[in-house]
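Chain nomenclature is as follows: A, B, C, D and E, assigned in order of appearance, with residue numbering initiated at 1 for each chain independently.
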Amino acid sequence: AVTAAQAQDGIYVPLLTYRTGAFAGSGIPIADGMHDYLTMLNERDGGIGGVPLIIEECETGYDTTRGVECYESVRGNNPVVVNPYSTGITLQLIPRAAVDEIPVLSMAYGLSAAADGTTFPWVFNPPVTYWDGASAFVKHAADVEGGFENLAGKTIGLLHLDAPYGREPIPVLEALAEEHGFEVKLYPVPAQDMQNQSSVWLNIRRDRPDWIYLQGWGAMNPTAVREAVRTNFPVDRLVGVWWAGGDEDARAGGAEAAGYKSLNFHGVGSDYPFMDDIITYVHERGLSEFPRERIGDNLYNRGIYNSMLVAEAIRTAQEITGKDVIDGTDMRLGLEAMNITQERIAEMGMEDFMAPLGISCEDHSGHNQVYVAQWGGDAWTQGTDWMSPMTEFVRPLIEDAAQSYAAADAGWPERTEECP
Amino acid sequence: MIYREAGQFKSSYAADMAVFPLKQDRIGILVIILLAYSMAFFGSTFMLQAVLIPFLIFALAAIGLNMLVGYTGLLSLGTGAFMGVGAYACYKLMTIFPEVNVVIWILVSGFFSAGIGILFGLPSLRIKGFYLAVATLAAQFFLQWTFNRVPWLVNYNVSGAIEAPRRTLFDVQIVGAAATPQARYIVVLTLVILLTWIASNIVHGRIGRQWMAIRDMDIAAELMGIRPFKAKLMAFAVSSYYCGVAGAMMVFLWYGGAEYNVFNIDQSFEILFMVIIGGLGSLIGSFFGAALIFMLPIAMGALLPAIFEPLGIRVGSETIEHLRFMILGAMIIFFLIVEPHGLARLWQIVKQKLRVWPFPY
Amino acid sequence: MSATTETAPEQITTDPEKKDLILSVNNIEVIYDHVILVLKGVSLNVPRRGIVAILGANGAGKTTTLKAVSNLLHAERGEVTKGSIEFEGERIERLSPNDLVRRGCIQVLEGRHCFGHLTIEENLLTGAFTRKDGSAAIKADMEKVYNYFPRLRERRSAMAGYTSGGEQQMCAIGRALMSKPKMILLDEPSMGLAPQIVEEIFEIVQDLNAKEGVSFLLAEQNTNMALRYATYGYILETGRVVMDGEAKMLRENEDVKEFYLGISDSGARSFRNVKTYKRRKRWLA
Amino acid sequence: MSVDQTSAAIADKAAEKSAGETLEPQGARGDEPSAAAPAPRHFEEVLLAVDNVSLGFGGVKALTDVSFDIRKGEIRAIIGPNGAGKTSMLNCINGFYHPTEGRITFRGETRRKMRPYEAAAGGIARTFQNVALFKGMSTLDNIMAGRSLKMKANLFWQILRFGPAMREEVAHRRVVEDIIDFLQIQAIRKTPVGKLPYGLQKRVELGRALAMEPDLLLLDEPMAGMNLEEKEDMSRFILDVNNHFGTTIALIEHDMGVVMDLSDRVVVLEYGRKIADGTPDEVKRDQKVIDAYLGVPH
Amino acid sequence: MNLLHQIFIEPFAFMGEAPDLLLQVLWEGFVSGILYALIALGFVLIFKASGVFNFAQGIMVVFAALTLVGFHAMGVPAILALALAIGVMFLLAVTVERVVLRPLVNQPDIILFMATFGITYFLIGFGELIFGGEPKQMITSELMLPEGRTSFDMAGGFVTIQHIDIAAAVIAVIMIATLGVFFSKTRIGRGLRAVADSHKAALSVGISLNQIWVIVWFAAGIVALVTGIMWGARSDVSFALQIIALKALPVLILGGFTSIPGAIVGGLIIGFGEKLAEFYWGPIVGGGIESWFAYVIALLFLVFRPQGLFGEKIIERI
């Protein structure tokens, strides 16, 4: 455990992770990725701006209650940011963030509406929101079908975990359906039936949707891919959100799963300069628990990307405030000013790994670029070019949603200071 | 013979029937209550928010379940869902009638879960034992599904979660993110004391005796004029009321928000552990059980690294988690073996020993 | 807490030859739940081929004594804390109940305890669980039990849980017989049985004792019957042996007559005019 | 004839008995006609009438066409071999079993299908062959539970344990204490009954039934498993209940001494049929009863 | 009116329209039914023989399968891994008997029920500690179980059948038949039932509870292993599988806690009922009714037969 005294001379970055429970399969590579990148910074650079990072994991088991407990236990140690790593936990922490003045970084998960920085000054969800993801998927479908006009009359299914996380994309898909004349069908999968999806897939067989967007998690994803293969659903029309893009998820479908698609916003594999540092400074020093041969797995890289965001925000905050040891308020400034340019990407050794990224005071997500990855049978490949989500379409929806969120809770604290 | 009752004569039946006939007990309870209130001023935020508030809320839910399982002998695995009914009912009431004080709504919301409890208690008239237990799972899963699928319950919130709106009591905010743990703790403590007192009155009176009669020998009870129909449904109603209130308190005075998953089957099981480890048919046991089951994992989370780190063993958070599971499992078995009648009985034995001390029997 | 009583020396004199004892209980103390002391130094002996009765009021500890012998106390959170128990010269406190049954010592529990969901016949068969001598022998023994209790034959395929109290009692005794025991610990065999059957049961006890050499230790409230069939008796009061002796001698004892047989100076008493005041037992003086 | 005269008569008879009788096996006391036969008491008003009752369970016929009555104020014994249907008869009377045929009339009211709690509310209480106490509760609570029917305070006051609820509680406690005194079980007032020895459990069970202040008390083998002393105590209680409260009692018992001494009339069942009905003396001499139940007289 | 139409007409019309789907639904129902029955069977075994409602059956399934896969991953050949897994299940049975059941003999059912929760927690922690939390693939081909699937074209659609499902059905039937005979016909079987009835009486007639318990827990362990292999082959072997065990509970109450044929009949009723309901009627209320529908079927049956379809009658006698 971390003592308050330790937290004085370092920057305390708690990681709410889950390496146990029903979702451990997805949680472990992410946790290791997050952990290893920060450790690498400590080992290689002695931290950020000369200040060591104090990394502490707290096990949530992907359970909201446990997550909130974790939050309570780390809160006292002056964390600069919390990564709830669960949409459910994020929803619980959103109202508290403003009170406790600790930024919540829900990287590409959580409440899409939180991208509205005016209403949610303490919540960040870069690089994209779930609504962006769904819109990018529709854009991709339109591309394949040969234009949005060809989507009219088509049926798009949303196969989702029956939880706040799974339901996030519904409003945007329905709005898009109205706009482009396709039909949306929902296929909820209750958590206890994650591995028992046969009825859902029977429904899919009945409805014969043209596309399926998979917003699943944990054991739900491999099961979905396997069922898709079994039901002769064309796997290249099954597109997962970025959380359905685990290597194990796709591998479960066997050879016939080749062609399965998933959104992504970072590269896969280990062919990047920064990865060599992770191997040298972390794995070779025995500081990682992740198996060497799986380095470069999609979700491992996802964890790294998450930590990269944390690190960049800290670095930015240090630059802005001139302080070495920063606190939550400083961190928020850093997050709001984050602008990772191509140059910076090169500096970090992350070329080809990620697209440039920017967050602003009003826009806490940035609606950054994504691409569609495709499973080649034993590794992910980049299936399309980087593309922008339908920001113009999504952004007003987000602002509306943020408004009604605040309205539902009379007395929701407005942003105290104007955006620059 | 520190703990002795000799010399305390009761001159009326009323005195003999008091819940705490012994003077030592009465003084003890008073001291405990005073201490509990003083924690609001001395306890750290973490202590209040992460330990005491949930402990009290779980104890209340455990009391509720204990009235059903421990006193009436009806095994229910739907506690989580009944807590959920309370929480969702409270949320609806709070948002539809924002002008009424939230504490009132918390207490009223229990009636909704009592109603639902009666509905799902109906099969108990014919179904017994584990059959009933599994049948109550129908309530668990059905209600959970309802929380999830009826958007009206969450005021059409897209995420499907409920958020605690801001509410005050005597101008002090007690619900909402800005409510201080101190304020919430005092409200929770007061409600729990009040409801525990009522529970104790119920179980020591006619209704409680009828429940226990049904539990111990339902046929004989019926032959003595106790209507199983009424007694069992009453047990379901009262028990669900308590669970419902606990659920509402959990969401609005502790978490500050919740999704349907909070009221899942694990929650039901956890409360059941508390009841059984604490002691079936014992109110004080419910507190012991809640303390042990809720605090044990927290304590272990803190203790295990403290044990391993000096030994130079690097343990990841997941290893701790695994060990925690193992130890929790082992502890459950251990306590059951040491005293199948729960911590409450252990407590009694201790008192018994104190009474005859220094003699062994 | 002195546990021994003045009767202790007598016991030794009754049977100094340990070899001839099938069961000997020496000064045992039993505690339930770690706190409730129930037996306070009980000693008793059962000679081979003997029928020994334990008499005593309710709650005196008869059942507890039998359970201590058959090692069924653990299941009730009781334990023998002092003393020793020997069956055929071997210490048995550490043995499990099924070892004991294998060695030939079986208990018929007080209050029936049939397997409610098994039929009468299956109940009897479970009695033969420990036997290895083939199904023919078991069948033959079952016939024997049915001959002892014809009522059981009639109800052989009824689920035991539904049979009447007396039928269950017969079933429990029959079940014990099925294990071909050397020694039977009978707890209240006559309880709830019709007078005729009670008589029959004691006849069976005598029969088994004479023909097959089965030893019996019986706890019985029906003193009259017990002393008629037993050779030796112990009287237990609040966990202590207060008196023991040959059955004949006990029958002659004034107190036994008064308190257990219902014969006072004026002869047999009627239940209609029992006195309500409590008389003092001389041995408690 | 009044009760006092009855007992005086018994006392006389007992005194006549010659001293120094040798030991007789069980039943001996009943065998001797002169020993205990009280001058018969007569009762007129029929409290409960059983008419042509039959009861079957699948293939098993527990009762076949049984008719008898129980008159107000008497002690009525039901005897018979094991499995004869005695307990089943009681179960029919208080609504736990429903006769497949026939009628049971209680206080002039004939009910076809009665729930057990209705029987209890009507004034029928009972004890059980296999003690059916509420094991987890204390003696006091067990007997208090017997008074459930009489307690009326509403939920509101009970929640507060105050006002009417508390007054009621105290009032009933007083009645219960009287019963406890009567049965001489003061010392075990607060002991959980599961831990009591069998004899005391039977006594508590009687107390629980008495707490219902029944008109008709059904006792199913109240003395099984008791030693003589306890049987005598129990007999005393039964007689006292009958005498002082005028409670009608139906009694099943296998101890012939008890049956012959206590009961006014005896009905004998065998294989679910009634084979005899009459005063103890008549029944005892009935050859069918001797064959079926008593065994050859010694 | 519209609702009535939706409930009573449309589903049946659709069944006629798309017989291939109906057939597929029925097959899926059959397969899930069989798999539920397998889990339920483990419960029944232990309940029948010790009156213990073994909540740990679900985790035993996962644990058994993980052990098998885990040994294989360490390089042990499949067959040897299987033998080792069986050995581990035996050890588990012995340990449970020693550590949990023996000290808790003659305690109320609910206490033993709780103790199995203890076992569940322990095994979750222990299993994850040793094998890690990631899902693993079942070694289907190494165990020479059939893979692949067969599709038939019919009525403009098709029906696919997984070979592993056929194998599961066959194995389940064989296992259930064997155990059924074992219970009703053998000495040990009778002993098991006696123990379930009353620990005390069983002890008194010399039945060794310890031996009986080891036998049934071992048998339940084997059933768990088979179940684990079958489920694992359909999805992955992961701790999430444990949740599926909850699905076996309605099967249990429907079939009766003590009946082996009840497990299979109950399993099939639930399997068919659940799939048909979800597929044809679920959409009316927004789907997902599978999570509770099984319980509702079971509950309805119970109201008429409180002991389940084949359960032992609840004896009520005074």
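Structural remarks
Going forward, contacts are C-beta pairs under 8 Å (C-beta built on N, C-alpha and C of every residue); 3 or more make two chains touch, one makes a residue touch a chain.
Bear in mind the structure is a predicted one, so any value in this text is a computation, not a measurement.
If you take subunit A and subunit B together, the chains in touch with both are E. The chain pair B-E and the chain pair C-E differ in C-beta contact count, and the higher one is B-E. For the pair subunit A and subunit C, the distance between C-alpha centroids works out to 75 Å. Each chain gets a centre from the mean of its Cα atoms; for subunit B and subunit C, those two points are 47 Å apart.
Between subunit D and subunit E, the centres computed from C-alpha atoms are 50 Å apart. Here the CA centre of subunit B is 44 Å from the CA centre of subunit D.
Annotation for subunit A: residues touching 2 or more other chains are 19-20, 24, 28, 162, 190-191. For subunit B, the set of residues touching two or more other chains reads 145, 148, 219-220, 223, 318, 321-322, 325.
In subunit E, the residues that reach two or more other chains under the touch definition are 124, 128, 133, 246, 286, 288, 291, 318.
Those residues of subunit D that touch subunit B in the complex are listed here as 94-96, 115-117, 119-121, 125-126, 128, 132-137, 141, 144-146, 148-149, 151, 153, 155, 158-161, 165-166, 169-170, 173-174, 177, 208-209, 212.
Note for the complex: subunit B touches subunit C at residues 349, 352-353, 361.
Per the touch definition, subunit C reaches subunit E in the complex via residues 70, 72, 74-76, 96-98, 100-102, 106-109, 113-118, 122-123, 125-127, 129-130, 159, 161-162, 175-176, 179.
Subunit A makes touch with subunit B in their complex at residues 1, 17, 19-20, 24, 28, 31, 57-59, 61, 63-65, 68-69, 72-73, 75-76, 87-88, 91-92, 95-96, 98-99, 111, 113, 162-164, 167-168, 170-171, 190-191, 289, 401, 408-411, 413. Interface residues of subunit C, counted against subunit D in their complex, comprise 36, 55-60, 110-112, 151, 155, 158, 162-167, 169-170, 188, 191-199, 221-225, 228, 251, 259-263, 265-274, 276.
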